[in-house]
Amino acid sequence: MQAGMDTGTAYGRPRPTYRRDLTEVSAGTPMGELLRRYWHPVALSTDAGTIPCRVRALGEDLILFRDGRGRPGLLYPRCAHRGTTLYYAKIEDRGIRCCYHGWLYDVQGHCLEQPCEQGGGPRRDKVRQPWYPLEERYGLVFAYLGPPDKKPLLPRYDCLEELAPGEFVEPDDSSIGSGGPLIAPCNWLQHWENVVDPFHVPVLHGSFSGAQFTALMGIMPKVEFSTTARGVKVESWRELDGGQVHHRITEAVCPTLRVVPNPRVASYQKVESLGWVLPIDDTHYRIYTAGRVTERGGLQEIRSRQGGKRWDELTPQEQRQFPGDYEAQTGQGEITFHSEEHFAASDKGVALLRRFMENQLMVVAAGGDPAGTAFAEADACVRFDAGNYLIESAARSPA
Amino acid sequence: MQAGMDTGTAYGRPRPTYRRDLTEVSAGTPMGELLRRYWHPVALSTDAGTIPCRVRALGEDLILFRDGRGRPGLLYPRCAHRGTTLYYAKIEDRGIRCCYHGWLYDVQGHCLEQPCEQGGGPRRDKVRQPWYPLEERYGLVFAYLGPPDKKPLLPRYDCLEELAPGEFVEPDDSSIGSGGPLIAPCNWLQHWENVVDPFHVPVLHGSFSGAQFTALMGIMPKVEFSTTARGVKVESWRELDGGQVHHRITEAVCPTLRVVPNPRVASYQKVESLGWVLPIDDTHYRIYTAGRVTERGGLQEIRSRQGGKRWDELTPQEQRQFPGDYEAQTGQGEITFHSEEHFAASDKGVALLRRFMENQLMVVAAGGDPAGTAFAEADACVRFDAGNYLIESAARSPA
Amino acid sequence: MQAGMDTGTAYGRPRPTYRRDLTEVSAGTPMGELLRRYWHPVALSTDAGTIPCRVRALGEDLILFRDGRGRPGLLYPRCAHRGTTLYYAKIEDRGIRCCYHGWLYDVQGHCLEQPCEQGGGPRRDKVRQPWYPLEERYGLVFAYLGPPDKKPLLPRYDCLEELAPGEFVEPDDSSIGSGGPLIAPCNWLQHWENVVDPFHVPVLHGSFSGAQFTALMGIMPKVEFSTTARGVKVESWRELDGGQVHHRITEAVCPTLRVVPNPRVASYQKVESLGWVLPIDDTHYRIYTAGRVTERGGLQEIRSRQGGKRWDELTPQEQRQFPGDYEAQTGQGEITFHSEEHFAASDKGVALLRRFMENQLMVVAAGGDPAGTAFAEADACVRFDAGNYLIESAARSPA
């Protein structure tokens, strides 16, 4: 090297790459097949109605509806007859009728009528419109897009089952926790990893933007990371005035759950809500949430604020000036280049989460059932540690 | 299979494919070469004028103009000199002059002047701007984009040649019959097949949307399909009150002709108009029409209506609520996936039309002249059976 | 060939291609590597400030800023930590701080702080944010995106160094000379070649549009082309009334310089300004200019006018009616198809320029230093011949 020559310039840097195994979600990809072993919320229950509704999940376009008997249905959108979209279909008592030649399907894709055929279609039983099973819980419609012989039970969660007097569970589809609009144009993993990244909070949500949540969260915490049976757990301790300690536990749980206590720390209690990071496709995600509230619209109180304003109330200039999760994560690009990362000690949660998911990929590839899939009712209720807790001495805090 | 396991779900369905041989229209593709053996309308005669006009046909971008002597010209848009588009060219008495260095071409692409060269360009004869032959008829500009040694005669059609007193032929470029806007963003074949699909009429244009044409067409017909020398013919019979029978004959004629009697059945007579489904490229088409009328603008009366309104007068919500041909056909996707179709008896017309076109592909591949290409004036007038007819007894109706 | 058969039609023409070696600018391509051996202006000096500024040059996205000590910096935009864009970063006294976890970099990409790490990041020295060297001159920020061991001196230019009393140098980033908006959506070479194409002036800017510059330039000139040590030179002679001759010298200088005397010929003198055609990427360019003026805004007087109006003051219809350089060059397409060109004698300048650049590609491929790169101050000042001159007799004019 010549004396005085520039070092470390951007010239000649290698072409960046990303971890396809961890990010891509289409059918047939490693992560796509892992994610297809779980139920995912794809809509609010109120979205399933008499007008066909477009749904996009895991890279698949689908049509959601609810027949006249109240059963929700999720069908492949192209009519099995000649491929016209069921978006223009009519909902009837027994199912959904294509606009083009009137074939009628029930919520499981059985063809019930072919009105242009003699006798309503003597061979209609040979036709099946591709469909997916649905279940409704917590005000959400959950779909199972995976192999039928591997379909697990739809889990229950303690924090949504054990309600105090006056509490009820409210669903939300507005991507609470994303820090931005309804749909974020980047890979789901960029958001999900953020759940186990407690150190960005005092920087991005503190010194950068002023307190987007609450002053308490602006304190740089002491943190311990650990792997659980279902994902990764983060414990943060913040010493408060008067010797008390704020103990916060956050979990990322397979397949895409955000188990994040209210970052505004409205009260000290078990986690109030769950978020499901739905990969719409490789480069878009949205979040469905269900949580305990005492008033309708209560979940919206969790959202970060900038000078009292929600993200969609900020001007583009303010959004740039006070970046939050949305800016930081979409700012990593459509799919971040993992080849260029430099992890430090504070990234341990992200590292553990990737390792956990790599293990699940191996389990599935080996023919096993991935973490947290339950096939017996006794196993289908999940208990979390997550919450905001107040402890009196610093005894439980690590050195 | 496990007992109680879901069947027929969308999981693991094969990757869909489409018939490239039947749909793709670029030069060098099977269908592209078949279509290039015919004349296609690419503009109204009134479009060819003193301002260069962009034309896109069969995946090719071209420039249309009319020189000062009245000759229409259709040229490759990139000037043979240095590639600047002739869109900015000036039309002169003898031809079209490129804006950049002023090369002048006639309607057959001969280079007449190179004003930046000494003496106007001593070697200008070596240059030829690529061009296509044109003919004008019925108010339309027809272009032949095929091999010069295979150029057929431009056909005449009985229904546009034999006029009653007071009738004249009117051209139209507004995609009458598409049910939508000027240009439809899907493959041309999706529309053309619809011509031989009489059964969608009572469903899509009847029970779904209310009568978009006329109540008569809402009756489910008896139908017979047959292959003709030039395409496929559909005969439909509808029994009317009083023992009369409405006999309707529709034809799809090679290469892309819609021979469709007025679906509003304004009168019982031979087909009033012809439509040419111009493949703009693989994923866009538009329709040129010529028809007998007694008043200017008469062709517009053929269009479907929804509550008296044309498609472009409907709100997007109404367009969704009352789907028509445009929604059904673009709803099949840019190019429908033929691998996913399930044909029934009512699709016989479509099946016959595909088989007919497959045969024409083979004829061309074997070096022959495809159906309906005429090289002698005696052969160049086409007679159709198509029309709306009233017959007194049901005698001709099939059992 | 049949008698009477059409010749020269567009049917069966070969698929067009372009010269990738001469046009593509990304790192690793032949021209990309040649261009990377020179300094390029990428911003005005006033663009480098306390708000990070996006820059795109030679296909690379970068972030420009100026730290609190006044040093400009140009960094790879994705933070070396986890890839978040530095577009949302904060500028501090010592450098730029990422919004996500607060890593701080100086203008040479050294990592100065990792606030989420114990002790500010004991291993932060192992991290380097990719960067590029900058120099400021003539009010412009010049960047060197090439191999560090090949970095030449930033040249000086006589026409910007030797100022008359009252003159000063003004920078401009509005793409003076492009004939259009700030950024032109076509390959840079299409514009640069136009510099050595004097014959288009009386056509495109004269007979086509009326005099866009001045009536003088509407005269078809006598022209001589020659290759210089740094590019190609064009000499044009126009005989004026009274026996005087206007002698105009224009140069295209490696790597992308426009050395074009005022086409409005405001005065007879050495070239007043230099333009750098910055390839933003393969299909976009913009022009930075620096020139001698006596009043602020004086450079804008060079721009072509149509009936007194600048391009952005014309309606789209007027832009079409009076095409200029922008229309002619973007009208060649994103990257013109060189396989379809037909050069004539008047294209000699373009042919020489391509040959000159082909030679430079060979020099670089062979490990040499391309034309005009200087490594000693004595060699780093460039003198041009370019200018508008008035000569009394036609003696110097070629026969």
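Letters A, B and C mark the chains as written, and numbering starts fresh at 1 in each.
Going forward, a residue touches a chain if its C-beta (ideal position, glycine included) is under 8 Å from a C-beta of that chain, and two chains touch if they have at least 3 such contacts.
As the structure is a prediction and not an experimental result, all values here were calculated from the model.
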Original post:
For the homomeric pair subunit B and subunit C, should the interface be classed as same or different, according to whether the shared residue numbers exceed half of all numbers used?
Top reply: different
Subject >> Cα superposition of subunit A on its sequence copy subunit B - rotation in ° rounded to nearest 5 >> reply: 120
Original post:
When the C-alpha atoms of subunit B and subunit C are each averaged to a single point, how far apart are the two points in Å?
Top reply: 47
Subject >> Contacts with 2+ other chains: residues of subunit C >> reply: none
Original post:
Considering the complex alone, what residue numbers of subunit A touch subunit C?
Top reply: 1-2, 5-13, 199-200, 203-204, 207-208, 220, 320, 323, 327-329, 331-333, 336-337, 340-342, 344-347, 350
Original post:
In their complex, what parts of subunit C are in touch with subunit A?
Top reply: 27, 36, 60, 62, 75-76, 78, 80-85, 87-88, 90, 99-102, 108-110, 114-118, 121, 123, 126-133, 145-149, 151
